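Please find one structure pasted underneath; my questions will follow.
Chain nomenclature is as follows: A, B, C and D, assigned in order of appearance, with residue numbering initiated at 1 for each chain independently.
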Amino acid sequence: MGEIDLSKYQTRTDLVVDLINDDFKLENRRSYKGITISNISLDEENAKKLNKSVGDYTTIYFDDITDNTNYYNVLRILTLEMRKMLKNSNILDNYSCMIIGLGNEKSTADSLGVITAKKVIVTKHIYDLTGSLEKGYRITTCLIPGVMGTTGIETSDIISSVVNKTKPDFIIVIDALASGSVDRLLKTIQITNTGINPGSGIGNNRKEISENIFKVPVIAIGVPTVVEATTIVNDTLNYMKKLFSYSIKNKSKTIDKLIPSNHINYLKNNNYTLSKEESSYFLGVLGNLTDNEKKILIKDVLTPIGYNLVVTTKEIDFITLKLTNLIAEAINKSIHNISTKNI
Amino acid sequence: MGEIDLSKYQTRTDLVVDLINDDFKLENRRSYKGITISNISLDEENAKKLNKSVGDYTTIYFDDITDNTNYYNVLRILTLEMRKMLKNSNILDNYSCMIIGLGNEKSTADSLGVITAKKVIVTKHIYDLTGSLEKGYRITTCLIPGVMGTTGIETSDIISSVVNKTKPDFIIVIDALASGSVDRLLKTIQITNTGINPGSGIGNNRKEISENIFKVPVIAIGVPTVVEATTIVNDTLNYMKKLFSYSIKNKSKTIDKLIPSNHINYLKNNNYTLSKEESSYFLGVLGNLTDNEKKILIKDVLTPIGYNLVVTTKEIDFITLKLTNLIAEAINKSIHNISTKNI
Amino acid sequence: MGEIDLSKYQTRTDLVVDLINDDFKLENRRSYKGITISNISLDEENAKKLNKSVGDYTTIYFDDITDNTNYYNVLRILTLEMRKMLKNSNILDNYSCMIIGLGNEKSTADSLGVITAKKVIVTKHIYDLTGSLEKGYRITTCLIPGVMGTTGIETSDIISSVVNKTKPDFIIVIDALASGSVDRLLKTIQITNTGINPGSGIGNNRKEISENIFKVPVIAIGVPTVVEATTIVNDTLNYMKKLFSYSIKNKSKTIDKLIPSNHINYLKNNNYTLSKEESSYFLGVLGNLTDNEKKILIKDVLTPIGYNLVVTTKEIDFITLKLTNLIAEAINKSIHNISTKNI
Amino acid sequence: MGEIDLSKYQTRTDLVVDLINDDFKLENRRSYKGITISNISLDEENAKKLNKSVGDYTTIYFDDITDNTNYYNVLRILTLEMRKMLKNSNILDNYSCMIIGLGNEKSTADSLGVITAKKVIVTKHIYDLTGSLEKGYRITTCLIPGVMGTTGIETSDIISSVVNKTKPDFIIVIDALASGSVDRLLKTIQITNTGINPGSGIGNNRKEISENIFKVPVIAIGVPTVVEATTIVNDTLNYMKKLFSYSIKNKSKTIDKLIPSNHINYLKNNNYTLSKEESSYFLGVLGNLTDNEKKILIKDVLTPIGYNLVVTTKEIDFITLKLTNLIAEAINKSIHNISTKNI
């Protein structure tokens, strides 16, 4: 094993929640009807530790968005959390807004930002024409800059030139993200006032889109739509340890033997861990590597043969359709002061 | 009739050829395998007369683009004429190019510019990354600014800000146009180095996109995709006169009576005109109105009841598919110095 | 004029209302919030006269379907009329239904049937799996047979073979139609229990899809999406006569001279007709042709030169999107006994 | 470990090559410009062993289909292998063909069959109309039956009813498949004259589509577009063993230490295996499980927590576009005797 370089492996993730430990003091986590809401505020010290930007991060976890009731519960929560984020970022009711949809519509896994942006309400052209808007509406524009592979232009150059020309008071940018764990794939929405940072998104070379650059608040909304094969394998090995632990601890319980293994959800119980010896017995040297070491090893296995695929689930088309409706509606309801009967 | 205001009616057309008389001295017109090529150069005097901009206009007419042989003939001619236009506009081989696709992809009749732009080759991102391009390729970018109804932003503002930022040496802009006569609908391509002028395009409020504004040459490529109901009616009344004239002149020719009327192409013969009395007999007062007066009358009939529809043919989806392939390929072959075996 | 054959011209229309005179005794016509509903029942005698099938025809006219309030009013009326049609056709609550979407999705003007069918609720697979359905739901299937140009198979052969295999108790078939007058284009929905008849639809060669063939009730829902150039010209000439009549009758009214002509809606007033002499004066021989003769003449003018285009409005993409939502929702609400809060 | 049921695990794969050992005597395997072609003929005995149908299986492996040269090499090979398959299946030049595209166009991973079918040439309607076809063309139809979730009808019922009505002499069916190993994902085309068998395809409940059912030859063309998470994890553990073995065997070679591990392709060398003791050392109990046992274990870990995802790569949209062009062109060139300059 000595031949393998175990220097720091950078997990590919755009979610802050992937980086903090569950008992991290900064996280305020609560649940509502099976939906979990996490609020994290990173000060300079903590931001540096996590290699993230200073600011607020809200993360909403949910299960099946194709269920109607659940859809409306998530919509309600997202709208409320968006409003809080706008308020915390000192965005006033009369501030004009530019909504930016990042990504490539032709690639399902990278299309979420563009499709969402196509569904938001824009109003600036009406304001420019008539000099006023219906009560409750904010001056809003929408920009879909495309991707460098089809425009030949650095995306941030398109954005900065249009922002400088039209001078919105704040920006909302929507993008597809990479997930650092299997269980968040298409089941998480992250909102942050830190904008989009270098290397974010599922495309490789995103440049920073943030208040630093544009001098106006930038709220970023992201959903993880892809995960690396390395992550799937590492997660599975960790789940495997939990199942081994569960099996050992429940060996003698007759009742448990009657439950088919595919009905046991061992995941929720944090007590299922293995001793060093147990890990060695079940998984050899592999069993006692740190998470970081395991990921480096798996990446070292998959990369040279070209199989560290970035993957997504087969259902992505249907879920993206629902998610883009949901996020667009939440944006409309949080930036404009309009009919909120469902909220 | 006196009640109807017969002041100058502005035919809705973006084609210069709709405005000049067939014997106009400025037009250089030739044919090749059933395809007609017209070159017009407007100096200040003539431009003023026609209310058009000073510059070169090349118009290519063709019939069925869905026929493969015809497709390649039109492609060949369009490529050659594009190259001439670039040369006449003093565009050098090392000039960088921005291709702009105007219009709304969601509206078939307005989608031609956007769909074409999505099919062109872009290279600037490769040049920026590697510092060079394969031999024959020009630095090229592509911009699809969208329409005001979905962006909330004046389209020319998006274009000018990105042009100012990326500083291309010349611009090619592609747009769907309105036709001033039924017979040009989806059967004409106009190239001009005067750019896009106010009121052009099938959207209502296009602003100028031209060398005046951007200080670099702007080549505009347009195809008429729509026509006003007024134009259809006026054209039909004129065809009717020709048919009446034909009928009178061929009354006694036995041979002609044997030809079913739906096989007579009376249109090509310019000798078929009616005398003032004949016009009165067949069409009453209507028969002796000028073209301009007839159009005003028809518009006056259709507008108050909301039926001066802007229409397009049922086949537009299939023809647009072919035309966008053809124009994109002609652009690629004329701006880059690449494989031209078909040319 | 004698040279032109004035034998019976067959107006291209699929709407029964285009064929009957406004004072026709069989029509029951009423209005609700600007929407007109016409019910016609043709017995054998009247059906023969109009060259149509024996049965019930309901026609709903409306204006701007993109207006939200109007959308819901039309939806409400369509749902109620659909329910009446099902009841009149003796379709019981436990009858199974097959919904068939005709046309070609790739051609906007011909896509209405296919797009609508993709939006209806199907249930048979759930019934087959579980042996029951949620209360209120009917056993429903959906078939999109495609068009002969892309399947190579006669569409009615695909339908009949699947109908014979799956044996639905009744059929709903949705199709785009040709309009016999400009004012009905995309502003009319026709429902009939006579099914689809030869020559219907905007494709040329539709075969009969009716109870005669399938031995179960066939409800056809159609929307006119195209109109022939001939129709536009003929309609305009008729409107022209009305405007001439209006102008004559209001010559001396000072008040009227103050109203700009584009604000006069002369169309609604049926009193505006011209005498034979007035017609001759304004429109010559053309002015005193019957409608039928005029149409033959116009067709004779346009056909040999290839300009009798079948056209549609520039806005078809947006209106089709709305109409397919509306019709699909009305079908779901009328065949299933589900949430009808909007009804 | 005893608690985990290690009874036979059924790998989810539709590829025969996933089931045979590399040294299997029935396989005829050769390579051409980096493309591998495998021909397998299963007699009754071998078919039973593998739980597959009696017949011929041709499998083509390739790498980057987005490379133009490679695209044409694969096209050439696929066309030639298709022609061999037609010949081996005794399909004569005058046999009529029905092409069936299975799957759901709305789900990228399941859309390959439908999109391919939309690109094939159909001719039967021309033959029916004119009584003949251009030289070289076969009577061909195309059917896209949809999926049960949107039709409510068992797909095989739609197919059988249309087949019985139109009576093609043979059938070509195209479908997206599940892969039994990561390295075949979107890089393999399987052709077989055994048709589609129960449980095939990426949808769950496909019924048999074969000569047994339809009494005419059925050629199935499939491409694996998805893979289970279980497969990714199991493949990775096997690759890991190879890398461990490689590392041990090359420990002392100085030259090797200079090669970064991400440039070593250890996969191609079949000599890299671990002893029982080495496996235990590196991977514990897990290291000495059989492939089958490992898969059961992984599935047992992932299934109860809902993470045995069926996944696909992020690039699927672009590769599917290329593959559907390639397969449609190969079908056109192999069933019709038309221009084959590229072959």
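Here, a residue touches a chain if its C-beta (ideal position, glycine included) is under 8 Å from a C-beta of that chain, and two chains touch if they have at least 3 such contacts.
This structure is a prediction, so every number in the text was calculated from the model and none was measured.
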item: Given chain C and chain D, the chains that contact each of them; value: none
item: Those chains which touch chain C and also touch chain B; value: none
item: Interchain centroid distance [CA atoms averaged], chain B/chain D, Å; value: 48
item: Separation of chain A from chain D, taking each centre as the mean of its C-alpha atoms, in whole Å; value: 33
item: Of all residues in chain D, the ones touching two or more other chains; value: none
item: Pairwise touch network: line, ring, star, complete, or other; value: ring
item: Complex contacts: residues of chain B adjacent to chain C; value: 1, 3-5, 106-110, 182-183, 185, 202, 226, 229, 232-233, 235-237, 239-240, 243-244, 247, 251, 257, 261-267, 279-287, 297-298, 300-305, 307, 309-318
item: In the complex with chain B, residue positions of chain A that touch it; value: 118, 122-126, 128, 139-144, 146, 148-154, 157-158, 160-162, 164-166
